[in-house]
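Same chain, two partners: chain A is paired with chain B first, then with chain C.
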Partner chain A sequence: MLKYIIPTIMLMPLTWMSKGNMIWINSTTHSLLISFTSLLLMNQFGDNSLNFSLMFFSDSLSTPLLILTMWLLPLMLMASQHHLSKENLTRKKLFITMLILLQLFLIMTFTAMELIFFYILFEATLVPTLIIITRWGNQTERLNAGLYFLFYTLAGSLPLLVALIYIQNMVGSLNFLMLQYWVQPMHNSWSSIFMWLACMMAFMVKMPLYGLHLWLPKAHVEAPIAGSMVLAAILLKLGGYGMLRITLILNPMTDFMAYPFIMLSLWGMIMTSSICLRQTDLKSLIAYSSVSHMALVIVAILIQTPWSYMGATALMIAHGLTSSMLFCLANSNYERIHSRTMILARGLQTLLPLMATWWLLASLTNLALPPTINLIGELFVMMSTFSWSNITIILMGVNMVITALYSLYMLIMTQRGKYTYHINNISPSFTRENALMSLHILPLLLLSLNPKIILGPLY
Partner chain B sequence: MHISPPSLSLPLPLPSRLSRSSWHTELTRLLFCWFSRLKKVIVAVLRQVVKMLFPKYKASRLASLPTTLDPAEYDISSETRKAQAKRLAIRSRLKREYQLHCRGVIEDPALVRWTYARSANIYPNFRPNTKISLLGALFGIGPLIFWCYVFKTDRDRKEKLIQEGKLDQTFNISY
Partner chain C sequence: MNMFSSFSLVTLLLLTVPIMTTSLNTYKSSNYPLYVKTTISYAFITSMIPTMMFIYSGQELIISNWHWLTIQTLKLSLSFKMDYFSMMFVPVALFVTWSIMEFSMWYMHSDPNINKFFKYLLLFLITMMILVTANNLFQLFIGWEGVGIMSFLLIGWWYGRADANTAALQAVLYNRIGDIGFILAMAWFLTNLNTWDLQQIFMLDPNNSNTPLIGLVLAATGKSAQFGLHPWLPSAMEGPTPVSALLHSSTMVVAGIFLLIRFYPLTENNKHIQSITLCLGAITTLFTAMCALTQNDIKKIIAFSTSSQVGLMMVTIGINQPYLAFLHICTHAFFKAMLFMCSGSMIHSLNDEQDIRKMGGLFKAMPFTTTALIVGSLALTGMPFLTGFYSKDLIIEAANTSYTNAWALLMTLIATSFTAIYSTRIIFFALLGQPRFSTLININENNPLLINSIKRLLIGSLFAGYIISNNIPPTTVPQMTMPYYLKTTALIVTILGFTLALEISNMTKNLKFHYPSNAFKFSTLLGYFPTIMHRLAPYMNLSMSQKSASSLLDLIWLEAILPKTISLAQMKASTLVTNQKGLIKLYFLSFLITILISMILFNFHE
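Up next, the complex of A and B:
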């Protein structure tokens, strides 16, 4: 595990000691090299986990998420080059340091073996993200967004700390390897109900669940592009990952405690998808679509069947890449017209045809077109919820239709039609932007050839 | 001494029996006469038709009369002309300033206000009266309770059938 942590820590002196014209080149290439070494994690045993030490391990659930995290850092650096070009050198280095710190905490979170270690790093990822959103965001609402983001997550996760310390006292250890064998079914009392709630609320807020999703549109919209990318791609999946780990110790109460959350997610899927159809702000549309996709993941995790777990993990990876790509595309729009309003820049297919290709691919993967992994995740979730209760097919079907509707609405609104007359002098697509989009879509398309690596531990 | 001969104007047309021309020149002159009258009639009819098909430009609700078609334009006093020239000078100065300074992104303040009102200014204009609170409870919490009830009864019914062994699970492959 040190072979990932130490190079990531050393990326920070690399940026601070690079010359002004080499910071981006150095940090991007070295983080790309680190992401290639992360593929070594795929060399796993069949049904057991790859234990590096008493503190770090990785199994087939955390491996795809780790590879995604490490893949995303060079992409974030490539995406941020334009909007940071006018800042002075120290601020640029500070920004890159925040990204590297965030990456470090995320790597350690996904490989944490001890649950309190996981919790500390879970909270620690909030700090660099908050700094990125409030310092480098573009509008005055970023302060409000940072506040909502920080305090929603903190308020949700404080009960988790209490619950984890209680479990540590009861069971003796929170080490994941040992917890698997020491777990006993919890008795059916009020305190168990509160403990279930305490354990799950942190991850529900992070996912986010429909009723607690207020921080997400604000944070996604106000964050700079790297912040949006990492929020959409990784930080939401932290909630899913935590839920998948913590449901191990929470049997058998999940059967009846999960009902309100399943209902909130099922109804919230449709609600947030419908709100997407009425958005004028492009980033807000993509943020609400993230809530909708994550609601599917929550439903899948809470019904606790093997197929639904497979669908949840596949959907997390697929949505990470797709959502990050959509935010990069929205940012390429924003850098040209300095506004997030969708109606201002229309008909871009005539002006930037290659970018229109990336827009098309991103929208198609967003609406879960076969044979992408988005469809595989959604299909698994739909099948398992259908076998959970036949009536869910109505809600899931309506959600899939509305998802297709807003994805195509976004595509047609930004790409097709006659272009608005005032954007005929926008700069053409940079090679950096095209490289960014292709590096997003290439793993997504290649994974549709071999999706079993992202299907998680229950495959 | 010069004597200018008197100018003679021939009356036309001369009666045919007074002229010494032959019958074909007479016929030509008659035809010419008729054709010219016919041409005058046709031209008059065509003018009327054209006037109907292409009416004179009138000012309408959304299109004012251009200054070149306005007959009053040609009688304007010199003071009005001077005022018009002054206004034109101000306008062109502003346009030149705008063109030289404001290149790049042009923001439309109406659009900024509209997006602000739609996205960031909702809560200050929110007032929780009874109607909106009841509507919020109905559409926000109502569906959740409804779906909770639906799923709980469906799953309990299925669980009961499974306990009794009556559920047809021969084709059950998903799990």
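Up next, the complex of A and C:
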């Protein structure tokens, strides 16, 4: 694993020693090279995981997320160039360092073998994210957003620490690989219920579960573009990843503890997509659509069937790329119009036709057009919920309709119609932006050719 | 050597060539439309070879290649089903598309993005081919959603117009409601039969197949604009006329019917589903025919007539005659596409005037278009020995002689006579009488692109029914004997419709309603359907999302319960326990008191 960690660490001196005009190109190219080397992880022999050392391992669940993490760093760097163009050099370097630090923590989180180690890194990712949001956000509400972000996730995950220490005392090990063989079924008692809640809540808040999702729209809206991208693409998936890992040791409590949370997610999925229909703020709309998609993932993980696990992993990757792309598109509008309000940026198809293509593709993947991997994820989740309970198909179907509606509403609002007069003199889209969008959409399209590499360990 | 599979694949692959060469220079040249049109005509010719072989030998075939995924016990691979339905439909669709492409070269010639338009049309055709030839439900779903999205893009082609965007969104919305049914069917087949392959589903032939079939009927209702989910089809006329001719008359709207025909091995033993489709179809065919009676927009009339014909196909499935329904799909494609093209020709010549009240006397100015329109209308009404006759007459006969619901039969017969009425109305208002359009308009239909494309479909409307029904392998045995009055019912109601319409039109030509009657209002306002469903439901839904989901739950309750309460509690607690309250005046006052007291004490020291 050091072959990914050390190069990532070395990106920091690279950034600090680069000349002013070279910082972006240097950091972007090198991080892109690192992400290419990470593709080697796809080579998973057999059903076992790749154990690199006593601390790090990767299996087919963590590998796609890991690759997504490394893939996203160059994209974040490309996306935030304009945002930082007015800052001085030291601050630019500091910003890049924060992104690199975040990637470092994320790599280690996804490959951690010990649960405590995982927990520490899980919390550590908060620090660079918080700095990115509160330092480089655009408006003063960013402080409030940072506060919400920090307190929701911290308060959610503190019980997990207690639970982990307890498990360490009882079982004697928190090693993922060993735990699955050693762990005893939990007995049916009140303390087990609290244990279950303590273990799951940290991740449910992170996902976020409906009701605990308030931090997400705020953080997404206030964060700079890189922050929004990494939040939507990876930090939310940490929750899903944690849930998938920790449900192993929570049997058989999940079978009945899942009911209220599945209900809440199914309900919240429709509520949040309805909210999307009434959003005037582009970034807020995308943030709420993330909540709605993540609710599907929560449902899938809690149902605990092979199909639903496959759906959850596929949907996480698909949504990571799609929502990150949508945030990039929203940002490219923001940089031209200087407002997130949708009604101020209408009819852009006339002015930026290539950008309109990216918008179209992003909206279509967001509404899960077959045969994209978004559809594969959603379809698998729907299939497994249908076999869990037949009537959930009504809720799922309603959500499917609303998702299509708000995705296309977003597309029509921003791209179609007459353009407004104040956008007559906007700058054309840069090659950098087009490259950024194509680097998002290419993996999405290519993965639909061979989706089995992102279907997780149960495939 | 068996050329069956290779020629089928060549047909499908040929269509992708213009898409693949998008990045080359051909896409930038002005010859791209011609190139696309020629490709389609080649594809039509190659597709005729396997079809001829199929007609000759009756041999069906499944091409299965490229193993995509295996999830536990479910294998998904790229597979094409070349059976009776796809073998017959592919050439018909290609032939019609070929003409429509040529027509759009004329109709869209001044559009700056004409190359993109052709690419969209071709992409639509490809998704339609995927839908038709798919052998498993997943692949069918790819085509199913693909045609939906392409229809969104094509309806919203003139994206500057708000109406076009609304219509496009409406089409997606209604189609998505139908998709719930499709997903339901997929989920049910997966959990209960563990397969998405059509053969396996038919082989296992589940007994309690109500749930998935209702799902499929819902899907067909959405895609084929059946009653309840029909309003998107007339709205879709906002798109360019070639789009209406291709998507909304001959190919995409029949996809729902095609889906039900595909699943006929399951429906043919299920009486519930048959009654549902019969009643749904009968309501649709009558309701939309009624709406067509009073429309003034020529494209809207033809759109409603399409909806009505699709309803008739649904009725045919309801009386358990899937092969007849399929025959009607094939014949209907010719004359309905041609009717749209004729209307496009008239609209284009009259400077984008769609109102039939402002036409009139076109038979002098546009003799060829007039001929085609009249032949198309006659074929539509089922005039003997034109194309429509071979399917429509059989359908009515089959309905007349089957043990079916008399109510549904009556609805269908009334709708059949209405077909004649609104056809007469178009002919009467647009073609006959005195011109009512502006005298400055320069009408010219002498463009080879226009004439040839319509001519090809005109020949199709005259002979296709004869050719197809004389060549297809025998399917269901038609009713051989029946009383005179049953045999002639279809003809009689149609002639009745014609004469009635002509008489009434002649009589009331110069009369005017003092106040509109209720029946008239019902018909012009499309059965009050848009008023109710397009105002009330979205309004309630959107105000629910604004008021309860967004404001009440998200912005007030969820925020008040967790963060605000906690911060409030912290604040109260901290102010309660601390000594420092920041009350500067009081603190200074306390200084004053001490100073005063000390002063007093000092003063009265003695």
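Here is the rule we go by: the second predicted complex is superposed on the first by the 459 of 459 C-alpha atoms of A that agree within 3 Å, B and C clash if a C-alpha of one lies under 4 Å from a C-alpha of the other, contacts with A are read in each partner's own complex, and residues count from 1 in each chain.
Following the convention adopted for this analysis, a residue touches a chain if its C-beta (ideal position, glycine included) is under 8 Å from a C-beta of that chain, and two chains touch if they have at least 3 such contacts.
Predicted model only: the values in this text are computed from it and were never measured.
In the superposed model, A:141 makes contact with chain B only, not with chain C. Look at A:391: by the touch rule set out above, it reaches chain B but stays clear of chain C. When the two complexes are overlaid on their common chain A, residue A:172 makes contact with neither chain B nor chain C.
After overlaying the two complexes on the shared chain, residue contacts for A:281 are found with chain B alone; chain C is out of touch. In the superposition on chain A, A:305 makes contact with chain B only, while chain C stays out of contact range. Touch criterion not met for A:185: it reaches neither chain B nor chain C.
Counting residues of chain A touched by each partner, chain B versus chain C, the larger count belongs to C.
Of the two partner chains, chain B is the only one that A:338 touches; chain C does not reach it. In the superposition on chain A, contact of A:260 is made with chain B only, not with chain C. By the touch criterion defined above, A:13 reaches neither chain B nor chain C.
Within chain A, the residues touching chain B in one complex and chain C in the other are 306-307, 383, 386-387, 390.
Those residues of chain B whose C-beta lies close enough to touch chain A in the complex are 105-107, 111, 115, 118-120, 143-144, 147-148, 150-152, 154-155, 158, 172, 174-175.
Residues of chain C that touch chain A in their complex: 69, 71-72, 138, 141-142, 145-146, 149, 152-153, 156, 159-160, 162, 165, 168-169, 172-173, 176-177, 179-180, 183-184, 186-188, 190-191, 211, 541-542, 544-546, 549-550, 553-554, 558-559, 562-563.
Those residues of chain A that touch chain C in the shared complex are 148, 151-152, 211-214, 271-272, 274-275, 277-278, 306-307, 310, 347, 349-350, 360, 364, 369-371, 379-380, 382-383, 386-387, 390, 393-394, 396-398, 400-401, 404-405, 408-409, 412, 415-418, 451-452, 455, 459. Interface residues of chain A, counted against chain B in their complex, comprise 141, 259-260, 262-264, 266-267, 280-281, 284, 305-307, 337-339, 341, 344, 383-384, 386-392, 395, 422.
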